[in-house]
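Letters A, B and C mark the chains in the order given here, with residues in each chain numbered from 1 onward.
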Amino acid sequence: MADPKHWLRSGFALFFEYNTPRIVHIRSKKVGIINRFLQLVIISYIAVYAIYYKKGYQEFDDVQSAVTTKVKGIVFSNYSHIPEIGMRTWDVADYVIPPQENSAFFVMTNVIPTLGQTQSMCSEDPTIKNIKCENDDYCERLKGTIMPGGNGPLTGKCVNSTGALKVCEIYGWCPVENGSPYKNLTQPILAGSQNFTVFIKNNIEFPKFDVRRRNILDLYENDTDFGNCRWNRNDSKGKFCPIFVLNDIAKDAGVNYDDLTLQGGVMQIIIDWTCNLDQSVDNCLPEYSFRRLDRGDYVISRGFNFRYADKFAVKENNTFVQYRNLYKATGIVFVVTVQGKAGKFSFFPLVINIGSGLAMLALATIACDIIVLYLLKARNFYRDKKYLDVQGQDAFRILEEESPQDRMEGSSSSIKKRNVTHSYDGNLEGDGTDT
Amino acid sequence: MADPKHWLRSGFALFFEYNTPRIVHIRSKKVGIINRFLQLVIISYIAVYAIYYKKGYQEFDDVQSAVTTKVKGIVFSNYSHIPEIGMRTWDVADYVIPPQENSAFFVMTNVIPTLGQTQSMCSEDPTIKNIKCENDDYCERLKGTIMPGGNGPLTGKCVNSTGALKVCEIYGWCPVENGSPYKNLTQPILAGSQNFTVFIKNNIEFPKFDVRRRNILDLYENDTDFGNCRWNRNDSKGKFCPIFVLNDIAKDAGVNYDDLTLQGGVMQIIIDWTCNLDQSVDNCLPEYSFRRLDRGDYVISRGFNFRYADKFAVKENNTFVQYRNLYKATGIVFVVTVQGKAGKFSFFPLVINIGSGLAMLALATIACDIIVLYLLKARNFYRDKKYLDVQGQDAFRILEEESPQDRMEGSSSSIKKRNVTHSYDGNLEGDGTDT
Amino acid sequence: MADPKHWLRSGFALFFEYNTPRIVHIRSKKVGIINRFLQLVIISYIAVYAIYYKKGYQEFDDVQSAVTTKVKGIVFSNYSHIPEIGMRTWDVADYVIPPQENSAFFVMTNVIPTLGQTQSMCSEDPTIKNIKCENDDYCERLKGTIMPGGNGPLTGKCVNSTGALKVCEIYGWCPVENGSPYKNLTQPILAGSQNFTVFIKNNIEFPKFDVRRRNILDLYENDTDFGNCRWNRNDSKGKFCPIFVLNDIAKDAGVNYDDLTLQGGVMQIIIDWTCNLDQSVDNCLPEYSFRRLDRGDYVISRGFNFRYADKFAVKENNTFVQYRNLYKATGIVFVVTVQGKAGKFSFFPLVINIGSGLAMLALATIACDIIVLYLLKARNFYRDKKYLDVQGQDAFRILEEESPQDRMEGSSSSIKKRNVTHSYDGNLEGDGTDT
């Protein structure tokens, strides 16, 4: 028994063994059909959904992307009654702020300029709360305070504002912004911006597969041919053109461009690169979609605007005096989002998907077992075949040993015998000593 | 045998069959309790962790987001001993640089202006290494060189700097920046920026579920009511207010705002939208948290600053002379990160989670098998019941056929018989010819 | 039978039971070896690939990151034949536009300035299509039109352009940009930008593990020592230096820096933090890599450029006249991408990986079953051992009851008996009434 040769052989024997579950092979039309149907559902799910539809045979890589944008377009505005604007031509360097942004660009559509501000004293914005005064006493008490929404600390004086109105004086960038001439405008200052075009240059890479693509396809003979194309969802060539008319972007997103211009808004441009690299890389093509990211139907806090200033100095009496032109710029932010992934055949995910699919086949067996063992009239017959009832020494006996008999009443004698045969008898245990 | 009718029927028969494993049903208190306990652990894990806690019954979608920010606030500074600053009111157009950024904003808190620089000749910054000179000879030898950290190529002349110091002359933007008057300032130039507010407008979408939300809730009656709210973590209404006082952001991140202003820093504002769309969409609410992204406790390279310039020309003797105002701006970058996902009930992930859970139940059986077959005193009795020992023709026989006998000694005769019965005898194989 | 005591005991009994599949234990060298080999493959896959290589024993967290950049460098350009440029020193505030960007920076390498533009009338760009005229008649007909690619609406006049050429006059920012003096330049205006350095400050956090790191390591004694380091892939200390020479970035990406400067380009700087937090956190170090994101080998739309303007006003006859300097800036966009994840030991993923591994072991059994039951000569012998053939009442009978006999011909009588014994006889079902 302690023979080392014996143990060696026993160890070797382990390599030449193989365990497989014993199976009850039930021939039954009813259960068979249910079983095959459930198996079909599971196999379909694996094959169609997990492997075919979700491309379970591929490994994937996310896109790495670079986006640069270039807006083009000129508008002319003529507002003789607003001297700050007057007769003006606006170009890219005027309305794209900042001039270069990572994966985004802003197009100014409306503007309230306040030209020639300098640090000095002037009347505060009369629309500010509690700023009206009748004499210096009121303002003197608030001296040094910056009113909520105000433009600078009060100097303590009460001065004339527009008309007969008197307001407290401030020290700050003067004169303060005055939006009233722009209140009743029915169209934005930069009317015509819907015809601006933006060229979105997008270079992508799937590093894992070493595939590089760009959104300028080889459909164009030369720069002129290319420069004349415009994106158009319904045209087989046009839908790959990376030059977009701003109005087309709005229309495709289901937005009225004019709703964006007076109050501003945020649009998203999505470039989707979903590529199946098992096919030719030439089929790896971008798809464009557009969406308004802020909703326009709010009363509170609509649109998008911000203030910026151009600063400069002017030499007066041989010293520099600092000035600035303040602009309240309203417009559309376009955010460019590049998404996508590429898939390519790989052995590992396929094996894993098939493996987990086979594991799920056990579910069909479980469902059929429930039917066979609990629902069919012949359930006790099948239970007998499936189960080998073994009574351990410490079995929990139901109703003092009569229960097994009870449960089996009416079954064949061979079944009764089974229960008897397999009850564990402590005396059998003598062989436990040899290990 | 080759009867096609037979084969057809055999094929049909396949659809009316069903295989289920034969099971040894062991009645034993000890093993039963272990078994049920392990099953309970696994089922709890599936039900509580994978399905309930990790929401295994939902499919998920990531958030699509747009962020725009608007800072408000005015500070007044009065530095009579620094003429470049003097008496000044600073507003948004002065301290937010660039005026509009995608998902981020910078608030300048400290500044070193150098006004009226023009391309000309002047003395180099005296703090630069090896720049001091006694006469032109030294500089002449370095003519054309740009010193490390210098502001332009040396002209070759040695000129007067501050005090009795002589340094080499450069050609470039002159005069060069001089930070010395700002060295001993104990508070930043824009003191009071902690009271600035920022309104963060965040519109999100879960495209898969077609759910759009924004962080301005319907808690407010009108613009004024809304405009007066301030974010406050401890207030049931205030914690949804998207207007933040900069100091509150710092406090909530556990940072002293004053630590950020003199040297600058980087703060992150996280907006988290974790939504359970099985509930009302009104419960899909943002949660705000804040964090300092750079650490302030470093000696090397603390804080955040950059240089920018306002450029302009001045007409002198009817020609334009180009000037610029250079600013070394120190301040706080706020980066807004929107994260979140939404979950909604879906059949597929639930099925997959239940399926993989059932597969894991096999682990309980494996553990119990180890106990029953290797650890219990009655292990040989159970082994007999579980295993049907089959000797293939090419079985690896341990110690020339006596070993199986040996192993079984002491077991009942029926067990010995089992080993004998199932040895494979080549003669049985006659039926192999019919396939 | 309806005794509640009986049911209670039956319910209890459920807790003291344990089911385990009955197993056919086949001793066969051939099948055993195949079985063990397949098990080895699966266990290796689990242990080596899923657990060791893919770190299946860890839970992961994605990196949260903040990036700030600081470019340094001065170039001097001397173009006596281009008065707009002339003799000039360029510093950071001149060539980094905008001065501060979130995770990106732009370095201008080439520029076409158009100084002193003002809103007025001048001759249109002669390179524009259909702009040439002989007299006012042609232009008059187009009055108010903005030509494609033009700079403003036509005034209707035909005026002198360069040389003997006559073109229509426009109203807009005048004079218009004239790129012709820059056409034949063989090197960029800002020659020498390859020596600029950029200091990329990157602070990261793995929030789940509360680990914060930054890319300035404790390798440097003081600011001077640190400031003198330069990134170098091949140096054990230098590869962690976060100060990069632009030319080194290009070289490491396999790009000739000079290819980027004349036409511009887009580079990506990838900072990878892949950290195993089971090891010391000091081993959590950044790795830098570089890549050109746009390809330079295109005819159509090469490089990267944009236009921006500095705006200012000049006092002429005591009123402000608005001017601007327009710049067409060409250069390199550097996009900084921070990626990475940290892993740390966790119990749950380990359990799940082991569990799914054990489930996959069933695949070895399936494969061996196919061999044993369908391919081996002794297949029928093994089938008999594995399968218990049970005929349900509604079994699909192949060739009227002779088929099972037929199929079993040549097998031992005990096998024949099996088929007979287990056919379901409706009379057996009497016990079905007790539930």
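The definition used in the following text is that a contact is a pair of C-beta atoms (placed from the backbone, for glycine too) under 8 Å apart; a residue touches a chain by one contact, two chains touch by 3 or more.
In this text the structure is predicted, and so the values were computed from the model without any measurement.
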Q) If each chain is a node and each touching pair an edge, is that a line, ring, star, complete or other? A) complete
Q. Through what angle, to the nearest 5 degrees, does chain A rotate to match chain B on its C-alpha atoms?
A. 120
Q) When chain B meets its copy chain C, do both sides use mostly the same residue numbers (more than half shared) or mostly different ones? A) different
Q) In whole angstrom, how far does the Cα centroid of chain B sit from the Cα centroid of chain C? A) 14
Q) chain C: which residues touch two or more other chains? A) 13, 15-16, 19, 21-29, 31-32, 98, 101-102, 310, 312, 314, 356, 359, 385, 387-388, 395-396
**Q.** Complex contacts: residues of chain A adjacent to chain B
**A.** 1, 5-6, 9-10, 12-13, 15-16, 19, 21-29, 31-36, 49, 97-98, 101-104, 106, 119, 146, 149-153, 170-173, 266, 268, 291, 293-295, 298-301, 304, 306-315, 320, 322, 324, 326, 329, 333, 335, 337, 356, 359-360, 362-363, 365-366, 368-369, 372, 385-396, 421-422, 424, 428-432, 434
**Q.** chain A-touching residues of chain B, taken from the complex the two chains share
**A.** 13, 15-32, 64-66, 68, 70, 72, 74, 76, 87-89, 91-94, 98-102, 115-116, 199, 201, 203, 205, 212, 214, 216, 220, 222-223, 226, 310, 312, 314, 316, 323, 325, 348, 355-356, 358-359, 377-382, 385, 387-388, 395-396, 398-399, 403, 406-412, 414
